[in-house]
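Across the two complexes that follow, chain A remains constant while its partner is chain B and subsequently chain C.
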Partner chain A sequence: MRKRIVGSLALVAVGVTALAACSSSSSSSSSSSTTPTSSATPSSSSTSSGTAAALPGQYGSVPNEATGPETAGTITVAAPPNAAPTWILPIVTGAANSVFTVPEFDYQMYRPLYWLLNGVEPKETPAMSLANDPVWSNGDKTVTFTLKSNYKWSNGQPVTSQDVLFWWYLMKAAIKESPANWAYYTPGLGVPDQVKSITAPNSSTVVLNLTAAVNPVWFQEDSLGAIQPMPSQSWDIDATGGKPITDWATNPADAKKIYDYLSGQAKSLSTYATNPLWQIVDGPYKLSSFTTSTGAFTMVPNTNYGGPHATTESSWQSVPFTSDAAEFNAVKSGSIDIGYVPLTDLPQATSLTSSYNEFGYSDFGWSYVAYNFKDTTSDFNNIIDKLYIRQALAHLEDEAGYIHAFFYGAGGQGFGPVPAIPQSPYSPSNALTDPYPFSTSDAATILKDNGWNVVPNGTDTCAKPGSGAGECGAGIAAGTKLEWNVIYNTSPAIIGEQVQDWASQARSVGITMNLSSSNFNYMIENYNDPSSPKTIDKWAMEDFGGFTDSTYPTTFGVFNSTGSSNLGGYADPEADKLITASISSSNPDAVTAEAEYLTEQQPGLFQPNPDSAFASGILVWKKDVSGPPTSFQSLTQYGWNPEFWFLTS
Partner chain B sequence: MIGYILRRIGTSIVILIGVSIFIFGLLHAIYPSPAIDVLGSRANTVLIQAWNKQNGFDEPWLEQYLRYVGNLLRGNLGWSYKLNQSVASLFGEVWQRSAWLSGAALVLSVVIAVPLGVYQAVRRNTVGDYVATSLAFIVYAMPVFFLGLILINVFALDLHWFGFEASQSNSLLSIIVDVHDMTLPIVTLTLLTIASYSRYMRSSAMDVLAQDYIKVARAKGLPERLVLLRHLLRNACLPMVTLIGLSIPYLLAGNLITETLFNYRGLGLLFYTALGNVDYNVLLAYTLIGAVLTIIGNLIADIALTVADPRIRLA
Partner chain C sequence: MSQIGAGSLPPLDITRAPEGGEIGPIQSGWRLAVREFAQNKLAVLGLGILIFFVVFSFVGPVFYHGNYLTSNLIATNLPPGAGNPLGTSNQGYDELALLMKGGQAALEVGFFSAAIAITLGALVGAISGLAGGIVDAVLMRIVDVFLSIPFLFIVLIVAVRYGASVLSLSLLIGAFSWLVPARLVRGEVLTLKVRDFVSAARVAGSGQGRLISRHLLPNAFGLMIVNVTFQVADAILYIAALGFLGFGLHWPNQDWGDLLSNGVSYIQDGYWWQVYPVGACIVLVVIACNLIGDALRDSLDVRLRRR
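Right, the complex of A and B next:
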């Protein structure tokens, strides 16, 4: 599920911003009451104090699920700026892929095979997956999974293996037209290129034969997890009111016709809520209204939903905002049930505690300053390729101080590509405790021990050139200065604040960082060596934000030497070997080993992450909106489970 | 007059072509292709190349431009690949909202600023003039975002007199009659405009007051009220006519900050979002429409000047 977010919104989100929250109020209209039963929800532990067990590094707390009568109504949920869904067909295009289009909108109607989130934890919630865990055979070259019998389409038909195949062949038709038609397509990797054949031996079983052995965990979470069955018996048409086309599995031309028709319908935003096609869902909700001019929409419960949910389900309404300030005004006025307090307004959050619950947690991802290993300006490439330099730079970063001063205490530290929090099943030990804690004296000692003449508040120079012990290292001539440029994204302001402090600390040990600001779009267009080789010497370091991790946190594509997002050309044979193992070896711990190595090697300066839900900030929700704690905690991870929410009054 | 207008239209077409080439060239110089902005920085090269081909960004610049102009001449403003809608429908959804917000504020500003400026000129260096001048300076110096926040906190969140956000209705009629929610955004814009216009008006009125024909009017015993209405007001308003003409583009260009702060989706916000997404077609259409409105605004101002002052002749 979380593979979703590799678009620019996600990039901004990690480095940038917000949260969601809820509450009742004038916007909640009660309609019925029932006695609650226990929900088959994601697991969460509780305490006798009335709140869910505290998570390390959390902001605020999450109350236990209310035990009184459940009341149905309409729960209003804030949508941050630029969050309007723009696509509905569950073969999401690259342009439409965002945390808002997919988990908040698409997944409410069309569930993925595997639900890869449990509260804040990046791991599967089996009860919410459409399929049972896959079984591997043939040396990890054959995978078989079965669909659960409890999931049905809203028209009463069961979700079958044919629905998986229908999605499959339409996805293939989509990427044949253009690889950009499916956001998760990576040529030669995963689905569909590594699949030799797909069959459905019976109505609930799907078998995939692969071209080569893969890492089973990676394939399940990054490839199978992206599959969203589609209703083959209802959508197999190429025109409104057209006759069923049943040979889509054997006739690519017909699969293309169907895809063209469905994707054409998905371009008519004004008919999203009225087109009968989109009313056939297997998720917990159906779309009942959609406003194209604002992106506002309302979801109503799908009464045939087969997964776990609150006994009395509520409708929910996405209320879009044009700015964080406008959203916060709505929260202050009490007009929104679930919203967020933007990071910059966090000092005012205490004024809301009488009416709102508050919870903050950082997203599973990583922010970083990218290093350009190919920048030859003043021999920077020969400087930054020395591990001791990168270690010294890490010692100059005061992560705890940044969280306190710039994030108002709402953030989590990150020392590598797997953050310290949320903890993942794949977190290496060195991801949990800073391997290079803040210490300017340690940084200075490292430089001195490696042949540099350290001049506090001056400019360090290489005093001992050479490749031996205690010398500066290969390619660094005597007198070489520790001076380079750093370009940072001006939005959000916390990026600049962190970089400026880092440069200030560096200055104290004689490293000169010449700072300049830019914007996100310009940076990813121009300071990205694989895409813009002509600008290779224009930047030494850049900080545009970061990435949201997939549940399976491999850095394939980012830190492997041929990765398309390897911005600064980091190349390390050992890293390549480990990253390759993460996707192709049968070792379930491969990705942990990868993360451990990269945390030690510091291919970039890993930074803390601000708390988030939809952007930087904390989640708030009204006290008469309840549900399992995980259903609120997951909002900090771009996970949406409104089917568990209910009103208590 | 007709000849003049035809000549202006001819000139305008040349200007529009120039603007379109300039903006198109500028966008392509900065972002030769917006693929990576649209698809995200983790998009692989195959996806980027495919997207470029799908959207024609793999073609030479000139071909792209000619295709764009060809579509434009057929009334096709293009497709927003990020918002998944035609540019025409995007503009159609929100232009009336922006026009109402800006238009209402403009009318109110003129209605208040003109008499205020005359009053200050006539009563210059009095307590009333000092108070009005001070308030104008304070408001003028205040960022619109800050002014709006103050108004929201005082009048919406504390006193509950008005809504904290603008009307969320999609119906223009509903928006117009929604005084509760539209007052604060309109007042925010109006205050800023009054602060500016009243200063122009005061300065212009003071110049006119020093003219001989005012002295003559007074000398022949004309009542002061008639002096001001017949001789001062009309002449003092001439600079305002030009100012208002230049304000016409804002009717549709929207007011980004006000729209953003008051949760009001208009053209200003659409443009801002398009900038963030490097949404070429929206940016191009917005710029061209802005250019058209600027030209129209200037033309209307020139014509209005001839009506206001018969001494002015268009040639």
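Right, the complex of A and C next:
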């Protein structure tokens, strides 16, 4: 599962990418022969009005790709605070894993096997994948994929199956040293633990035999999509200027030596732009400068890049800012080509429309208030395990109001683990229409119908204890109060704003929520039942942010009863069964059924997602910067495709 | 033999004012202090401002029933107008009502923490000054250690760990604010304890406790009163800083720092009513406390008092 916790801006850690999408589990596609021009870019439709077709819930619009002459230059792109890349080797460590290190920086040089984003849509862009879609056999226990012939390393050598194996054995050496050496490693799940053997029968084919049948879509998107081939003929050394070591596939000790050398080089940030190792790339760009102190960097086109790109390629420069305010000032002064408007400054965005295009879209994931099903304080565990209570709480949330008041219209509603937007092939029907719309009267009615004495602006108490119809439910004694604590993350501010409104509405039906604030790191460390059992009774609800979905949006790890990120100890046998099916059955609709059930069950309070260009805000780019609409839309999903951008003047 | 005769002295001028000022009826020290305070226009202004904010914060809500409890998402960020004299917040709360509610917290924390600080500080300072020797050394080293701890850092940690309320913040601020009063009172006690009236009390059989409670602290009372005013101002600034950093009080409680923090986020959007009024409240109350403190120092210290 490549799901990442999203909290404060500095800690947003999502990989865009990753995982492929809607292809059939057993399909195979022929090798694509993409033309290396923008004509082979991700699909997008246009309108006669000069803008790309409007997406549901979008903010602003995206103009069609300019048809005039393309001009080369250097395009400046804003980097928000704390966004400096910290790693370059395509076996990214857990500590370095962030959207600003992986998709913005690493993927520009070292492409993943599958490109799992198409504009705002969480689905694969086949032309940008290094490999053709996998072929499954042996009862979904064997997977075979072939590499495309058009992708080459910058030194002219083709990307081969040996490069995949080279990455594989070095990745295994890395996690043998420490599981934290590869950010996407989950013990016992996916690669490499579920892989019995890996072979390369020829230079373009790789075969993986698995220990058990898996869901093919999940495996392609969560496991194969995480593979980034590395140049085996250039990086197979254990010292600068050393002789090639060729037995890395059969000698783990040598694989370890090579990994240790490469990871050691990757720790030297000051040599990123000058180390010859990092100049051998298969992505569209090479690094030409890197400033260690600020994280500023410049990338120049890789002329041997075999994937689609603009006819006239430009260099691009990441310009770091120390605050959102500083970045927005740069946008207002016109000194940055591509940047963002922070959510809090959105009312000023209209003043930029003469010189900038504007577009906003929420990313694929979910924000939520986690419930602690193990908190025994004042019988909270017995209260929150009642579905009617969770339904009443959902009725107290005004998602449309939050988007209007706190996001200034730049956000999308989310009623479950699969948000209403962006739409996904796996969206269940109840992901699109709020199953528990905002209504304080409905919430009060639910409570009254279940034996509670509702005291508006007071504190409700259980009047009818018992497990029968119209009674409070098992474990709730007469006089039990609806009162508990809610801890929220202070950054970004919209978290506190939403929680405060929710508590305010709850108060109107007699539910007392005692609010307190904390910070992301403290919350994840301490308000987390699996990893912090000592503090189980210290929190009833918490809002630290949320999670990003991979294109295959299973909640394995979060809402299955043994999940390592199941913060509040949610345990439901039916949910366990559905979640397990999502990763191990061959049913392509399994994850949809999982999402539908969880949306109905409300294991947490699902919240709207704000627009997320550069982590928070809407995207703006100068009118003389153009490209396919999807290349700009994807920035809202943490997808950087500067190879498609060009200047019109 | 020379003779000093009356004729060599200057004639007595009974119309001339005596040196050192007019001699009037003998008045008590407190009455003199009050007279001195009342003659200080800035002090009166400060007192007026403080009284205004006390009335505004605690009596205002009795007559003005603005909404600060139930958010109203269709009335967010409204400018001042009918129904909302100072506009609305980003939650749709009435800004004037928020100012009143925030003022309650600021003043409660300010006065309560100042009371804690001065009580603790006076006790430690008096014991330290009177006992001297090893007791004095130990207590003053404790003061030194506490002074070296970054106060705001500790408050932030405690606020995150245990949550923030008027009581907890008052206790916390008070627990770190007694250090300066302790040093001041100790210094005062060092000068007082060698005075004749203290020696007389000792000879009369007064114990250490009685000396402190009946003779030393009452004579250091002026200094303590002055310090209280500064402690109040400091505490209001502390809670404002905590609120500004997002670790102050939580809904349904409000504090001015939190309001200011929210407002600053939107200052460039033109929502001035979320920034300037609350900023003015903080500045005015702190200035008022400082003006009162300065005037009290002038009026309670006989060396500074005008005749």
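FYI, the second predicted complex is superposed on the first by the 611 of 649 C-alpha atoms of A that agree within 3 Å, B and C clash if a C-alpha of one lies under 4 Å from a C-alpha of the other, contacts with A are read in each partner's own complex, and residues count from 1 in each chain.
The rule is simple: a contact is a pair of C-beta atoms (placed from the backbone, for glycine too) under 8 Å apart; a residue touches a chain by one contact, two chains touch by 3 or more.
Quick caveat, the model's predicted, so the values are computed rather than measured.
Visitor: What does the overlay on chain A give for chain B and chain C, a clash or a fit?
Guide: fit
Visitor: Looking at A:F547 after the superposition, I want to know if it touches chain B, chain C, both of them or none. Which is it: first, second, both, neither?
Guide: first
Visitor: Under the stated touch criterion, which partner chain does A:V455 make contact with: chain B (first), chain C (second), both, or neither?
Guide: After superposing on A, A:V455 lies clear of both chain B and chain C.
Visitor: Of the two partner chains, chain B (first) and chain C (second), which one does A:A474 touch, if any: first, second, both, or neither?
Guide: neither
Visitor: Looking at A:G94, would you say it contacts chain B, chain C, both, or neither? Reply first, second, both or neither.
Guide: Touch partner of A:G94: chain B, not chain C.
Visitor: Answer with first, second, both or neither: which of chain B and chain C does A:H404 touch in the superposed model?
Guide: The second partner, chain C, only.
Visitor: Can you pull out the angle centred on chain A between the C-alpha centres of chain B and chain C, to the nearest 10°?
Guide: If I round to tens, I get 30 degrees.
Visitor: First (chain B), second (chain C), both or neither: which does A:Y522 touch?
Guide: both
Visitor: Please work out whether A:P179 is in contact with chain B alone, chain C alone, both, or neither, and reply first, second, both or neither.
Guide: Only chain B; A:P179 stays clear of chain C.
Visitor: Touching A:E497, do we find chain B (first), chain C (second), both, or neither?
Guide: Once the two structures are laid over each other on A, A:E497 reaches chain C alone.
Visitor: Check the residue A:T294 against both partner chains and state whether it touches chain B (first), chain C (second), both, or neither.
Guide: first
Visitor: How far apart, in Å, are the nearest Cα atoms of chain B and chain C after the overlay?
Guide: Nearest C-alpha pair, chain B versus chain C: 7 Å apart.
Visitor: Both chain B and chain C contact which residues of chain A?
Guide: 325, 522
Visitor: Help me check something: in the complex, which residues belonging to chain A touch chain B?
Guide: Chain A reaches chain B through residues 6-11, 81-82, 84, 86-87, 94-97, 178-180, 183, 185-187, 266-267, 269, 291-294, 296, 321-323, 325-327, 329-330, 332-333, 335, 520-522, 524-525, 528, 530-531, 544, 547, 557-558, 564-565, 567.
Visitor: In the complex of these two chains, what residues of chain A are touching chain C?
Guide: Of all residues in chain A, those touching chain C are 325, 328, 344-345, 347-348, 398, 401-402, 404-406, 457, 490-491, 493, 496-497, 500-501, 503-505, 507-508, 514-519, 522.
Visitor: Per the contact definition, I'd like the list of chain C residues that touch chain A in the complex.
Guide: 69-71, 73-74, 76, 90-92, 160, 163-164, 245-247, 250-252, 262, 265-266, 268-270
Visitor: Spell out the residues on chain B that touch chain A in their complex, using ranges where they run on.
Guide: Those residues of chain B that touch chain A are 30-31, 36-48, 50-51, 53-54, 81-85, 89, 93-94, 145, 149, 152, 156-157, 164-165, 168, 170, 259-265, 269, 273, 276-278.
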